[in-house]
Each structure stands twice: as C-alpha cells, then as structure tokens.
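Chain nomenclature is as follows: A, B, C and D, assigned in order of appearance, with residue numbering initiated at 1 for each chain independently.
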Amino acid sequence: MAPVAVGILGASGYGGAGLIRRLSRHPQVELAALGSRQYGGQPLAACWPQLAGVADLEFGSNEETIEASEVIFAATPHGATAPLVKCAVDRGLRVIDLSADFRLPPERYAEWYGGAHPHPDLYEKARYGLVELHRADLAGAELVASPGCNATAASLALAPLAAAGWLGADVTITIVTGVSGAGRSVNPGLHFGEVNENARAYKVAGGHRHIAEIEATLGRAAAMGKEQRTHAPFTTPTVSFTPVVVPMTRGILASCVTRPDNAPDEAALFEHYRTFYRDDPLVQVQTELPHTKAASGSDRAIVTVRRDPRDGSLLALCAIDNLGKGAAGQAVQGFNAAFGFEETLGLDSRGVWP
Amino acid sequence: MAPVAVGILGASGYGGAGLIRRLSRHPQVELAALGSRQYGGQPLAACWPQLAGVADLEFGSNEETIEASEVIFAATPHGATAPLVKCAVDRGLRVIDLSADFRLPPERYAEWYGGAHPHPDLYEKARYGLVELHRADLAGAELVASPGCNATAASLALAPLAAAGWLGADVTITIVTGVSGAGRSVNPGLHFGEVNENARAYKVAGGHRHIAEIEATLGRAAAMGKEQRTHAPFTTPTVSFTPVVVPMTRGILASCVTRPDNAPDEAALFEHYRTFYRDDPLVQVQTELPHTKAASGSDRAIVTVRRDPRDGSLLALCAIDNLGKGAAGQAVQGFNAAFGFEETLGLDSRGVWP
Amino acid sequence: MAPVAVGILGASGYGGAGLIRRLSRHPQVELAALGSRQYGGQPLAACWPQLAGVADLEFGSNEETIEASEVIFAATPHGATAPLVKCAVDRGLRVIDLSADFRLPPERYAEWYGGAHPHPDLYEKARYGLVELHRADLAGAELVASPGCNATAASLALAPLAAAGWLGADVTITIVTGVSGAGRSVNPGLHFGEVNENARAYKVAGGHRHIAEIEATLGRAAAMGKEQRTHAPFTTPTVSFTPVVVPMTRGILASCVTRPDNAPDEAALFEHYRTFYRDDPLVQVQTELPHTKAASGSDRAIVTVRRDPRDGSLLALCAIDNLGKGAAGQAVQGFNAAFGFEETLGLDSRGVWP
Amino acid sequence: MAPVAVGILGASGYGGAGLIRRLSRHPQVELAALGSRQYGGQPLAACWPQLAGVADLEFGSNEETIEASEVIFAATPHGATAPLVKCAVDRGLRVIDLSADFRLPPERYAEWYGGAHPHPDLYEKARYGLVELHRADLAGAELVASPGCNATAASLALAPLAAAGWLGADVTITIVTGVSGAGRSVNPGLHFGEVNENARAYKVAGGHRHIAEIEATLGRAAAMGKEQRTHAPFTTPTVSFTPVVVPMTRGILASCVTRPDNAPDEAALFEHYRTFYRDDPLVQVQTELPHTKAASGSDRAIVTVRRDPRDGSLLALCAIDNLGKGAAGQAVQGFNAAFGFEETLGLDSRGVWP
C-alpha cells in the first residue's frame, strides 16, 4: 500500500515535534508537509535541531500544508484550529485534531469554551479519540478529536471504576503536571526562574476545561462500559479538579479519589483493571505505584488502584508522558485506529529512563 | 537577659542546617553545641560550607551537646529521639523536638508508629507546637513537639474550616512536596536521576503517618476552635491523604477538598480566614492562588480558599517551605512561644525568589 | 543618624527583588520608593508575593521614585539606565547602578556596547564597585557602577594571580551559570522546557561584554595589586571567555585556567589567596572545591585555586550567587562602602542550603 | 542470518537500561540474558518499569548471563569488569566493554588506574571503539573498549583540529555534565537536594582519568589523521581538563579551547569539520552553537567550532547525551562496526525534545 501523505499544522510547537518524531518512523506514512507561521521558509533543523536530517522539508503555510497532504494532524491552538479543520475536510482530507475544538458536543463546548461552536456540523463527523474506549467508533473516522492530556490521565484511571459502577457521588482529581502541556510559546509563567523550585495550582475550583471531557468519558463509561460511542448522552458525578504545575518538562500524574459504598477489595480491583485493559497495548496496569518517569519519552499510560482500609475510599492513579500518550502518541494511535493500521505503528512503549 | 545556651542534636541534617542558620542570628540565643554522629570532631564548615564562619563550633556527640546546653533542639530521626529527649529532660533541659516522637497521644502513637510509646510520662509534658493553634498551651512548655511538615500545611489550610463547622464528612488531601523532607541521608529514591523529571506518589491510601496529626488538629479545631490544647480528646472526619514527591528541593503545596453542605460564599470564606489568622505573623491569607516559591527560604505559610461554583465543594490551599514553616522555622517559632520571646525572633518572612 | 531614603528603579525585576529584600532589613535605610513601568500603581505583593508585608509601598514611575529618594539603586536595563542616572545625579542624588552603563571607560564602552557613551562626563564620577578591589576608591562615591555577575566571579578568582604576577600569556575562562542573570523578562530561551535538561553555550569567542570588565580588572590588578583605582589605565592578557547556561535559577561557577611559567606550589598559592582576601568579609578562600549551592541565597564569594602537577597550569575557581554577590548583594556592599557604613549591613553570608 | 544472542552484564544500571532499550529493537539481536547482582531472580520490570513488556527475561548472575550469550555487553564497574571479560573471551564470546578496563595501553592504565593491568594479553585483542575514528580497526574485533563519555565529547570536538595540525601547545577542556554518568548507585553527592541548583567542579587539575583517553586520541589523530589504529603510539599536547557537574540527568557539553598559530578562518574550519565527519551518520556538524537537549535521548554527537577574532584562539564544542553517544548508543555502534552490521541499527538520531 502506498504510504499516506501526512501534513502537520503547528509543526513548530511541542506537539508538532512529537508528531514529526513519530510519523517519520511510521512505515505507512510519508511526511509530506510541515505548517508553521513562525518558521515559514526555514528548514526543519532551524526549529528542531534534535530532528536534523529526519526529513528534507521546509516549514510552509497552513494552506500549503493542507494542499500537499491526504491527512492532516492539527497541533494548532484551540479556536484557531476549527477553521483549518473545516478547510481540510472540505478538500476531502481526513484530520487528526490535537486541539480541543471537536472534543465536546456543541452545547457543552459553548458552556466551557465561551461561545457557540463554530462548526457543529463537523462535530457530527468527529470521533473522540481515547482509543482504549472508542476503538470501534474510530474505525474509518474522518475527523478524530484527540483527548486533552489531563483528561487522558484521569479518564484512564477512573474509567474502569465508572464502568463497574464503583464511582461514588463525588470524584476528587488532582493532576500533577509538567509545563510542556502549556506549549512552547513565550509566557511569563513558563520562565525557568518562576517554574523551577515551585509548585503552583491553577484553574482550580471548576476552572479547567478538561473537566468537561472527563465527565463525558466517565458518564459514558458508567452507561456503556468500556466501548463508548463518542456522541452518546450521559450523566455523571461532578468532578472536583485541581491541577498543580511542578518543575518538570514532561509528565502527568493523575491522583483520583472517590468513595463508593460498594467497592470491592484491592485484589478484585486489580483483577478488574487488568481485565479492562487486557487488550490495550498502551495501557499498563500494575500493582506498584506509578511514577511519571516510567512513562517519559514513551506512548504508554501506567495505571493502578488502591483501597484505603481506613475509610474504604478508592485511589486511582495514572501516569503518562503528557507529550506521548497525552498528545502526539495518542494522536498517532488515533490515526492508526481510524485508518485500520496496527495500533502501535510509529509508537514506542519503551520509556527513556533516567 | 543572658542568652539561652542552645544545643542542636542532628545538626548535620537539613533540619540542623536550618536551625543553625536561624539560631545563629537569634538575639536571645547563644549557639552552644552541635551534635552529629557523622561529623564528630569536624568543624561546622566541613558539613555546611554555606555556614562557614557563622559559629566557631565543632560537632560533638549527643551527650556532649546535651551537657553543654540549657535547651536542646532535636532534629534526630523518629524513634532515636525519644531517649535523647528523656536524657535531656532528666537533666533539667527544655527541649524542642522536630521528630515525631511526642506529637501523638501514646495510644495513637502505638497505632501509627507500630509499638508502645517509649515514654508516655514525658508525653504528659509535651505540647504540640503548631503555634497558630497552640500558642497559650505552649507558654512555658518544657517539651515542644514540633509538627510534621505535611501536617503543618494541611492543618493550616483546613483549621479555619474545621473551627467554623465547614468540614464535610470527607476530606481529601493531596500534598505536592519537594524531596528535602526525606532528609539528607543516602537513599536510592533520592538520587537526582530518579527524582528529576519525575512525579511519584508514595505512602498512599492511609499509609502516611502525618494523617494522625492532621486528624487530631482538625478534630480539636472542630471542638475548640482556634486555640487548642494539645491533649484534648477529639473526633474527626477521616482524611484521605495522597503525597506526591516532585522534582523540587523545597516546598509543600497542600490541596484540600471537602464538601460541607453549609459552606458560605467565597467572600465570607476569605473574611473568615483573614479573621482567623489576623494575629499570626507567619500566616498570610491571600485571594491569589499560592505557590511554594513565594514561601521558599522563608518561615511563612501562605493560605487561600476557593468554593467550586459547580458543586459547592471547598478547596483550601497552603504553601510552605517544608524546611522553614515545615521544620526549622516552626521549631524556632515554638521555642519563642515556649520561652515568651517575640514570636518571629530569628525568623524571616521574606522569601528568596527566584 | 536618620536613615537614608532609598529608591529602587527596576524594582519588579530579579535585581529589584534582591534589593528590596536586603534594603528592607538594612538598619540605615528607609525604603522610600519602588519604580516599575510594568507594575505602576500596584502594591509590592502583586509583583513579589514572597515580600508581602515587607514594605507598605506601591510601585511608581521612575520619576516618582527619583523624586522620593536621596539614593537610587538602578536595576534597569543597560542603555535605558544612563539617562535615569543622569536625571538622578542632576537632582543631587547618589546612585548605585547595577547596569553596565558606567562600568567601562567611554572608549571601551563604545567598543563593546556599540556606540558612543551617552554621558562620558558622568563616567568621571563613577567608581567601579568590586568592593574587595576598590574599597578606598569607593569612599564617598556619588555614582557606583556595580560589576557584572560573570565579571565578579572571574575577577575574584583571578585577581590574586594577576596581582602576584602569576597570570600566563593566556587566560581561558568558562562560566557555568544559572538563568536568572538574564532577568525576569519573557524570552523564548528562558522557557522552562528549553532550559531544563539542557546545557547551552552562548556569546562565545569574544562575544560576551563582561570580558571588557574582566580584562580591565585583571590588568589593573597586575599593575596596582589589590587596591585599584577605577580609572587607571591598564594592559592585560587577552581573555578567552565561554559562558554556558545550565538548568539552575541561581549560581555562577567561574573556572579559569592560565599557564604562567613562574607559578609556585599549591601551598604558596593558598597562602597568597588567604592573605589577599583576609580583610574581606564576603570572600571565603578555601582548599575544598567550591560549589554554587554553598553561596546560594548568600552574598558571599567562595574561591579556591589549584596547580595541575602535569603541566603546571593553574585553575582558579569562584562560586557566587549571581543575584547575591553577583547583583543585589554586591550593590548594597558598594552602597555601604560609598556611605561609610559597615560593609555587610543588610547582607548575609549564610547560604540557604539545600 | 540468525540473530546474535546478546547478554548484558550490569543490566540494572543506567548503561544497562540504555542497552536493553536499544538492543531490544535491534533486528540482528536476540536479547538472551540480563546480569545483575542486585536484581537476581526478579523480572525486568522490577528494576526498569519503563521497559515493562520489552523482553520476557529475569535478571540472573553474571555467570548465567555469559553462559547464555554469544556476545556480552559489559556495563559493570571499572576494575570489576576485566575478570568478567576474561571469562567471556575464554569461552569464545565477543565482548563490548563499556568500562574503562581495556581503553588504555597497560603502561598508561597503570599510571591512571593505579596498578598493573590485570590482563595485558587481552588488551592486545581490544579495539578502542570511537567508531568515527576507528572504524576499520573495529571490523571483526573480539573485544571493543567503548570510550568514556567525556572522552567521546572532547575527542569528537578536537579530533578534526588535531588531524589538521591545528592544535596549539595547550588544550583547555571544560566539560559540563549531567549526573547520570556517575551511575545509579547510591552516593551522597547524587542526592537531589545536593545536585539541584548546584554547579560543582570535581577531579580538576589532572585528576580525571578520561584525560588519558583524550590525549591518546588526539595524539593519534595528529599522527594518523581520521582513521586511527587503537594501539599506535603517539605524542600529544598536555590537556587541562575541568569537569563541572550541573543539575541535569543527561547531557555533556565539551568546551575546548586551543591556540594554534596557524588556524584558518571560520569558513575553512567549518569546511574541514564537515569533510572530516561527512561519512559519519552519528556526528552532526553545524554552524549554530550546540546544546545538549538537541542530543538528549538520541545517539548523536553535535559539533561546532569557532575562532575568536580577538586572539585567534579556537573553540571546539561538542554536545552528546552521555547515556547515548556517550554510553549505550556508542557501545551498540561499536558492536555494529565489529559485526559488520549497518552502523545505526538499533540506534536513533532523533532526540526527545523538550
């Protein structure tokens, strides 16, 4: 089969770098074009010295990138992406979208992103791409909305509980995250002198938009179990969500507490988690507590669960590389699912420790 | 008044370094002796180059240190400290104990530390030294049990809620912490290559001993309000506690969620917090989200509170330097309270940013 | 004596924060005004939460700051500072300038900063403020040009060799530095994701302006010994200077190699260094290799020297906190020297380890 | 061709992890056995969670590992490795040795490692494995002595100058290095609290053993040009070598200054470097200053050169990942050269930025 001609929008951001690294070794892909406003006309290495020699491409405009491609990966900012997706889909391209623009039903989008959804019709074609939960729904998808990094970690930690009916009335999620999820753009809050030796909560008390994704995924898991359909309605327990940024470049550790009144013991919990993810090559269930370094540089999620013997509360933990399973890795996984390729092509489950 | 002759046990650990730095500038203190098994016979600068010239002292044995002092600060490990305290108190010295050996009533000590308390009689003399909540009880104390670093952060965040009757049935606490709380001793888990670029949960699901302190403090605050007596009995909501170690040397951010059914709005919450801590020079209540860097190198705690408009849950946050308000700073504050000195002598509320 | 009314220009930068922290505890100083374009009208804590409560001041304009002060510390950018200094001096104020604008004779300034010196007449009043080498010259100075951070570290390492005639024909200096010397301003090169886990050389091969200061100081030390006059002419060996930025916020380690043909043995070298700095409270000579952490948070420089037995080359090392002895600490030290105050008022030789 | 059965000694160290990651994707290799004293009997993931699932192997003893293999990679400590190599070679295995035990001729070994070489006869079979300079000599080698990480960086930076006769009488090398080169073993100097926010020189003034390798490689390059034979005699300029450890896990930046009296201009220097390395897939010559992040997670070296217009001194810079081109990557490259495989099998030139 001829390789698929792939273009990347936002190729000069961190998401873009991860996509280039993965897609350049993907046996079914020909890297056809790289879009970047900032680096237009410059060679790949001017932006990404670590990828020097990987592809003989210069950055071009978004339009040029779309024109040269059969498939587009969009790693462009929220809001700015929807029109580009529209343009690509109208030209017959298929799209893997790393932005938030097609992750939520229009009415929830309006609530969380502050305005009417720009292309509700396109949303009909979109499939949410947490592959472990949407594999069937993704086959043949024209438009894949790749999940947010925090939503990925929290959803993978809690979906088995939701599917088993073991979520309590409340879910309290704390995300400990490195800074690269905020992108490469210049921002006072990302200055090394302000991030190093600092832990800082942000967008607390209902302020983080990934809550909407988590609630949708947990609600659908509660209703449908593991295999979800993207557009199904749902009800969900309210999620309390506190993200804390710490001095790491990569990594998310989601720590999720819930208090069901019917939770089984830990052995049954582990058994359930292992069964739930047994066919998922990029989710590793383990009894040991996960750390983000074990996922760093890889495309894997590491999950465990605990039952507090003192009060019966459950703790579900998930570690990912926010730029791997949380971004570029997951997008390529979604692409593989949509195109019927082997799920891990271009990906790597081996982390780069230390 | 003649200065008090002070000795430090465990002076070659991080707690010891913080005590030397503070006590060497304390106008009512003469630094009399430094105890260290490891550095016995060596000058101060051999262990602590950053304190070269601060005091003309060599490290000696614990016994020599006790002999040379009127007051002992014990920064020695849990378990090993109780006999040293016994020895010092029997010789008529007063003691500020940074270890966990006298923080809990003997029956709770046995439950959490796995064995009968070695000196229950001495516990009768001990006062728990979270000065903001125990100021009156500390006056004249012979033995001050200085609180654990995580307990300090979580208790200062939540005590105002407990005192006001605004704790729900459950409290979910996540602690994001630097590594220095684990001390200077050699430990595979503290290797730079394993800590850097890593977030790791540990002692989860009821496994962390500071839970016992937090529950006691919140329980007493619920019963007695702000001014607690150390030995009062209490009942308390069960605390879910998840500590996460991140790549920082210093700093603790406590993120605490509870769901009372009677919580007021944020304006009333802030007002209550400000009133609660208005006479406490080392607690700063602010509306902005705190970060640990603002406390780093200082002896201050920074506290705020939020109400999630979606579900009415409350989020209380506290940032401290675990080696400042979480250890040496708090111990000196407790010493000042016990001796009737101005509460901030030797301390500094100015952080060392960046 | 009434305290001196001091104003700080550039008070919202890292230099400014260090000055506020030191001057707010200086017994001869009244902090009178804080200048900041960016934070005009806002209270101190809006910019510097770690200094909340230290001074009851709002940031104002540069003009307001000059108007309210008897002495100005200028922590404003190179180029922008000279006109402010001119304005302040014309109004009769004395100035401590942390910028580079008055460090070099006009002809060397033109060569290194690319244009005619804006106020050569003011340069006549300026005294270079590396206090250890210019103490007598600084007494009563109206305008103190505080040295650059890299120049401070390299000059303190090498001045004893220069004064003894033990510099070879070449001097090779490598500076390993944290990022805070580049200031708090937003800059793609300071993004945490680009600095963390990265070592990067910059301004190599004669490109760094601090070379001009180092050559001047070494040349004058060769001609005059320890006690220099700022405006004396000099000749100097050419300096090769390679700065490398590493993932630290604070700290400079200068590593300086030279190959004289008359170097004595190490014992004589140590003896010479100790004698050279014996009356300098902020320079510590030691035989152990220095590390920057021992200086971090302090106002001290730590110096040592080695002789390579294989080829007789000398290695002089100096560790400083670039924001302490390399910036705010040194500026306050220069202020003390200019005003006849005790040299260490407001300063601290105690580092904040770990 | 049947894959080669490969065993790894020291598989629980950082070198071991890098070897497992690379060899498990090497198409000509079957990972046959993993040796570790510490983890004997435990599965791979107990030591290396990031490699869970990569190979279905338990750690065994060194003897078991040798027995199960046709080729041994030895990532064991200096001194302890020679007897293991002897044992393997006597059984007819071929060996890639990452330790220092066979890098130097016995007489130089005795001088730098403090004792007679344990197996001078085996040294006759050894080939030094800096593939770019020893490719022909490595073909068919029974025993490859893989170079030290610092020696790799400095040699690749300077070899083009040596080969062209452009080294001056002195060479001054400063190495800025992360901590992982010191291994995973527990060591007070590797504690996060002591490494973070710290730059520290060590083994200065002729104290670092990699000097012997650098001098040999430069001496041979001066005599023979690019293609060296391992055992050729040489004369060399004396090298001044100062290593500085900084708060990074990975990365070495070598900064090398020399002052020939015949150096050409920069254009000719670049041209020469490009020609010198034109057939080397793992060395990238560039005009931009290299940073270690561009090599991090990859097996590449990045090299540049500068001429200081002020004094004609040359600055050669090389950035590597000390665990990539500096250790496991280079060892696999040497293995490929010895076995006649394509040089980059199992390797990756793509870095993991950020």
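In the analysis below, contacts are C-beta pairs under 8 Å (C-beta built on N, C-alpha and C of every residue); 3 or more make two chains touch, one makes a residue touch a chain.
Please read these numbers as outputs of a predicted model, since none were measured by experiment.
J.: What chains, if any, are shared contacts of subunit A and subunit C?
T.: Touching subunit A as well as subunit C, we find B, D.
J.: Look at the interfaces A-B and B-C and say which one is made up of more C-beta pairs in contact.
T.: Between the two chain pairs, A-B has more contacting C-beta pairs.
J.: Which whole number of Å gives the spacing of the CA centres of subunit B and subunit C?
T.: 37
J.: Between subunit A and subunit B, what is the gap in Å from one C-alpha centre to the other?
T.: 39
J.: Using the touch rule from the top of the page, what residues of subunit A touch 2 or more other chains?
T.: Residues 14, 180, 184, 193-194, 196-197, 247-250, 290-291, 293, 296, 354 of subunit A each touch two or more of the other chains.
J.: Show me the residue ranges of subunit D that touch subunit C in the complex, using the header's touch definition.
T.: Touching subunit C: residues 170, 172, 174, 176, 178, 193-194, 196-202, 204-206, 238, 240, 242, 244, 246-253, 255, 257, 259, 289-293, 296, 306-311, 313, 315, 317, 319, 354 of subunit D.
J.: Quick one: which bits of subunit B touch subunit C in the complex? Just the residue numbers, please.
T.: 14, 17, 21, 24-25, 45, 48-54, 180, 184, 196-197, 249-250, 284, 286, 288, 290-291, 293-298, 302, 323, 349-354
J.: Taking the touch rule as given, give the residues of subunit B at its contact with subunit D in the complex, in rising order.
T.: 14, 179-180, 184, 186-188, 190-197, 247-249
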